[in-house]
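The structure is given below, and queries will be raised subsequently.
Think of it as A, B, C and D in the order they're written, each chain with its own count starting at 1.
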Amino acid sequence: MKNTFGSSVSLTLFGESHGPEIGAVLDGLAPGIPVDEDYIAGKLLLRRPAGSISTGRVEGDPFRIVSGVYKGYTTGTPICILIPNENSKSSDYSAARSLARPGHADYTAFCKYHGYEDYRGGGHFSGRLTAALVAAGAIAQSALEKKGILIGTHIAKCAGISDRPFRNLESDIQTLSGLRFAVLDQEAAGRMQTAIKEAAQDGDSVGGILETAVTGLPAGVGEPWFDSLESLLSHALFSIPAVKGVEFGDGFSLADQRGSLANDSFAVQDGKIITRTNHNGGINGGISNGMPLLFRCAVKPTPSIYKEQETVDFLHNTDQKLVIGGRHDPAIVHRARVVADCVTALVLCDLLALRFGTDYIGKPR
Amino acid sequence: MKNTFGSSVSLTLFGESHGPEIGAVLDGLAPGIPVDEDYIAGKLLLRRPAGSISTGRVEGDPFRIVSGVYKGYTTGTPICILIPNENSKSSDYSAARSLARPGHADYTAFCKYHGYEDYRGGGHFSGRLTAALVAAGAIAQSALEKKGILIGTHIAKCAGISDRPFRNLESDIQTLSGLRFAVLDQEAAGRMQTAIKEAAQDGDSVGGILETAVTGLPAGVGEPWFDSLESLLSHALFSIPAVKGVEFGDGFSLADQRGSLANDSFAVQDGKIITRTNHNGGINGGISNGMPLLFRCAVKPTPSIYKEQETVDFLHNTDQKLVIGGRHDPAIVHRARVVADCVTALVLCDLLALRFGTDYIGKPR
Amino acid sequence: MKNTFGSSVSLTLFGESHGPEIGAVLDGLAPGIPVDEDYIAGKLLLRRPAGSISTGRVEGDPFRIVSGVYKGYTTGTPICILIPNENSKSSDYSAARSLARPGHADYTAFCKYHGYEDYRGGGHFSGRLTAALVAAGAIAQSALEKKGILIGTHIAKCAGISDRPFRNLESDIQTLSGLRFAVLDQEAAGRMQTAIKEAAQDGDSVGGILETAVTGLPAGVGEPWFDSLESLLSHALFSIPAVKGVEFGDGFSLADQRGSLANDSFAVQDGKIITRTNHNGGINGGISNGMPLLFRCAVKPTPSIYKEQETVDFLHNTDQKLVIGGRHDPAIVHRARVVADCVTALVLCDLLALRFGTDYIGKPR
Amino acid sequence: MKNTFGSSVSLTLFGESHGPEIGAVLDGLAPGIPVDEDYIAGKLLLRRPAGSISTGRVEGDPFRIVSGVYKGYTTGTPICILIPNENSKSSDYSAARSLARPGHADYTAFCKYHGYEDYRGGGHFSGRLTAALVAAGAIAQSALEKKGILIGTHIAKCAGISDRPFRNLESDIQTLSGLRFAVLDQEAAGRMQTAIKEAAQDGDSVGGILETAVTGLPAGVGEPWFDSLESLLSHALFSIPAVKGVEFGDGFSLADQRGSLANDSFAVQDGKIITRTNHNGGINGGISNGMPLLFRCAVKPTPSIYKEQETVDFLHNTDQKLVIGGRHDPAIVHRARVVADCVTALVLCDLLALRFGTDYIGKPR
């Protein structure tokens, strides 16, 4: 299946940037989970462009849940969420239909769909669809929170500027849930925003690194080989547009360490087994060990920039110059963080349902 | 499904380190692919421990294909490959049954399987199972080669020492196919091996980074969202034991770049559309763009080390000291590279079968 | 996955009888298939209640396609079709919330969803959802027709009255496509309708048997074991509410035959290999043999009847009497036939895409 | 996936009739299930040809479990079971390589695999592979028995002769478990065997109907639409070679009933909700209602007969006469019944794991 992910809890995504509506179907979630539309709206707000560092396209994202929720609770049957596209300007795009925007999927979509693709605004490839992902993921995340499983993502790096590392995960996650620009060190946050504005003034864009923590996940979740926690989380995380790298625990820096350092030694603390360090990001052999999950995503700079770029006309096989009009973000890393939270929540709900049964996630702790 | 991966072409893995046999079932591969047992044996040889930098456990890996191949060709029905475990020493492990080896899956397996797991030598979690993965993947890789799709992996970094970057991909891949220690710069190779030996003398281990290139893949393969090339490849790559990071193209370093640099501009060359650079690793919007695929895996240092480590007895919830006996590698990155090739081949065969039909991969170019 | 079916071409179904909208997401269909909204509306019309032999609830089924279709053609990305529920009367159902309607899913839904289910009008279990199935399936069926693959279903039996058997399949299928009450023998059709009305007058309902033929399917489609044509078609057909039996070719009557009769002998006709008879319904070893597919579904009588029935109050574990109000059909077999066509079309599109690639079904014959 | 079935508990089948070994990988079963090799051998014995009414090919089926079982218990990791083919006579088949045996898959296999298929003895399509299915299914069935879920199948009909219906299900299932020829009425059993011998003397074969009962399944298992109990069970049952029809409860005869008769009215009995009749076979809306499951499979007569048959040479497109040599059964219905038990057990283990978690089936009642 192409736009569906998950086994026991699954998500199906549909829509195009300039079609009438985008949406998602979230299936397999336990019955009895309270669905708080304000919570969902809050998550959608975090995904929305924010003021001067984001695109002028501002949408209210007035989602509708048309199935699977009754009297404020999940029913256990598929939840379809729809979000209209209210503010699209198709005329911005039509002129350059066959000019491949570098870093975008225009050309690859043409190779795959032979010109039948809805190319306007990136069509089905548009980051716009993450709104539907977030709306569905928010329901999953709220269910996990009731089980004491918390997820939080900060911008560990943006435009070369680093946030402070996670310290106390529970309180850091709490802090992040209220931040529109998810940086723990407010001084760093200011410098990042300045750097984003500078890039915008240059008609350019910047990237960053997202770091996610998950607390409260029980030990013993995940599978040894193809359905390792790393495999399933990376599968979902790489579906976020612009993510080009995923690492768990110390990730790439583990490559330079020695085993005696990289190994997380076990200890008994208050009668419970823990590890003294967490270089492995809470995962051994693909399975959670009861420590927090820790992983990071590399987000490339937004490919839409105002600078003139060299490209081709793929219908006529000719070299061309391209200046992209329309509205676009000089950075998306601050908006992508809520998407990272949400796909993480979806993967964990699926794995918990597989491990403990379909009702588990709906039962109070 | 837990130990099965792939849609149209799928692989199922089974076995334990100290059981009688390990194996894999490769299903869905086109009929009519020549199966060259010497080619498979050659790949298995690359996975085997190599002399002084590897474990003393040397196995001939005398695989048997018990189904799916007839008169030297794939039949189109499931191929089961079995490899006996000839040289296992279970007594090395039984004493410390409930001492969790740091960095290993002993404790997480116990949490998941409640003590019923075959813990000997890591059981089902053992890197030993990659032999079956390689044997099956070799058939897939040989089929791709006949379609002009070449895969090669080098050790981009080991113990902090870097190989030279890829230059001419076709010839570099050709060079790598003959190397037991897959490093393009022989001087760097020597220094890496020295560093591995030094770590071994310290009773310690080292990690590294694998870099893989794929040439000849047509444009238009992959899916926009959950089945993006990055999603599927990372899913498979993270199933390789010890892999803790995966990045495509410039990966994490894209986070520090600006869009004007990160975007790969398109050009027409000899009537064909190419990109001038390949910062995105041959993938736009989850779909191949006709340029070489490029990606890297972080391999953590082997968790089995000879040094004394702190750990717990998870049956009695007590702190303990642990010295791991038995045989183990001071590095596995040089052995893992053929596994990276093979899982890549499996993912690509699956995607090509989905895109172009089940017979495609079996037909001559 | 629970409400999703198919591998390369997949369908996801959502909605409840009395929710705002029902719908389906059809993913993986080739790009470039013309989408004729009149064709879809025509199929929906065949599913609608028809005059005096059907329920008073008449809906226009004004579907909206919100994704995956652009300028009249499929794009290759997911097609979401929505159908509003305009004419539901929830008050008909609320009084008897905890009285299990015999033959319905009220009690099993309660066992599964613990009371959180939207029970109104059968909720997610309602035959109403087949409207979305039909709308999606119609697109698949129209694509097959362009490849020369024709599907037709007649009411082989209703209320104990038999239609004539298929004779010339192509012309019979042609005839059926124009019939609202899909019976080939008009005299039998009249007697069936009379019997349905008599049952209605008794406050009762009748069942029937649907027989489906598929012509033009190439040989070599299907898989030997779990994905046999029979397995996949029956999987889909049993998802149609009220279907309680599926048989291929001579089906259950084969049980009484001898092999010399049941075997379909092969012959060469006009240079092409055919079978002289078709007792096996066009399938040998799970794979199409190039002859027409033939199969039959048993449709039980509509469980909603006006007669008083004995039942329980499952919230209070007490015996009760039940008289079902609201509107319901004395027969659904005539409406289910278009659902049979549509799920057949979906399965065949999936299998053809797997066999010949994702583009196959979109290319002109 | 082609030769793999199931979501949380899955089975992968491989092998050919005349290859060295056939086998199956059973993955996802709970850890801690006792594996009794005698129980498995007993099930395999029931599948074996029995004396004068079966083929001369008698095999000991000396299976080997090479993974997933440790110290007599399932480990939770994949169980691979291998069965050697000890007694195959390939020379019986090679002469007629391109003569399509009517009712067999020779021609369809050729269409699908282009001549690369291992055609000997039916190759991968051979009923021989059901031995591996039975060995794996036996482990699943023994686990269900420990949970109080019992499965039994009798030959409801053979050669036109009917067995008595089920009466007391528990004791009938108990009786059947000890019968090699699974008929409850011994007088009918004798007549069936006589009829089978008569067919054999005529060089012909007979078919039959299998009826399966499952007791002890909790209410609330199964899904509303595509993963209804009927959908999943029929999917698995139609993978049994020669099965051409599947019906649940009264199945096809429901088509002739009225709703007032077909509906199973609910009642409270000893504080528990039951249905007074079981015309729906224990399933409402695709979900178990707590009553016994009841379903029937039509088994066509063995296609291998000694009589001369008309066929084609599919390599040369010519009409031919065929006399099938080798050994074959005049009936397989008595052997297929244990296969029906086993695939039922596999489907139920999968559904119970999805519903109640992976550990459920391994825990004592």
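Rule of thumb we're sticking to: contacts are C-beta pairs under 8 Å (C-beta built on N, C-alpha and C of every residue); 3 or more make two chains touch, one makes a residue touch a chain.
Bear in mind the structure is a predicted one, so any value in this text is a computation, not a measurement.
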Intersection of the contact lists for subunit A and subunit B: C, D
Reference subunit A; chain at largest CA-centroid distance: D
CA centroid of subunit B to CA centroid of subunit D, Å: 38
Approximate Å spacing (C-alpha centroids) for the pair subunit C, subunit D: 27
Distance between chain centroids, defined by C-alpha means - subunit A, subunit D (Å): 45
Overlap residues in subunit C, where contacts from two or more other chains coincide: 1-4, 7, 13, 77, 112, 124, 224
Subunit B residues touching subunit C - in the complex, by the definition given at the top: 7-8, 77, 224, 354-358, 360
Partner subunit A, residues of subunit C touching it in the complex: 1-4, 6-7, 10, 12-16, 19-23, 25, 27-28, 31-32, 64, 66-68, 70, 73-80, 82, 112-114, 116-118, 123-124, 359
In the complex with subunit C, residue positions of subunit D that touch it: 1-5, 7, 11, 13, 100, 102-105, 107-109, 111-112, 122, 124-125, 129, 157-160, 199, 202, 204-209, 219-228, 230-232, 234-236, 238-239, 241, 243-268, 271, 273, 275-276, 280-281, 283-290, 298-305, 307, 309-312, 314, 317-319, 333
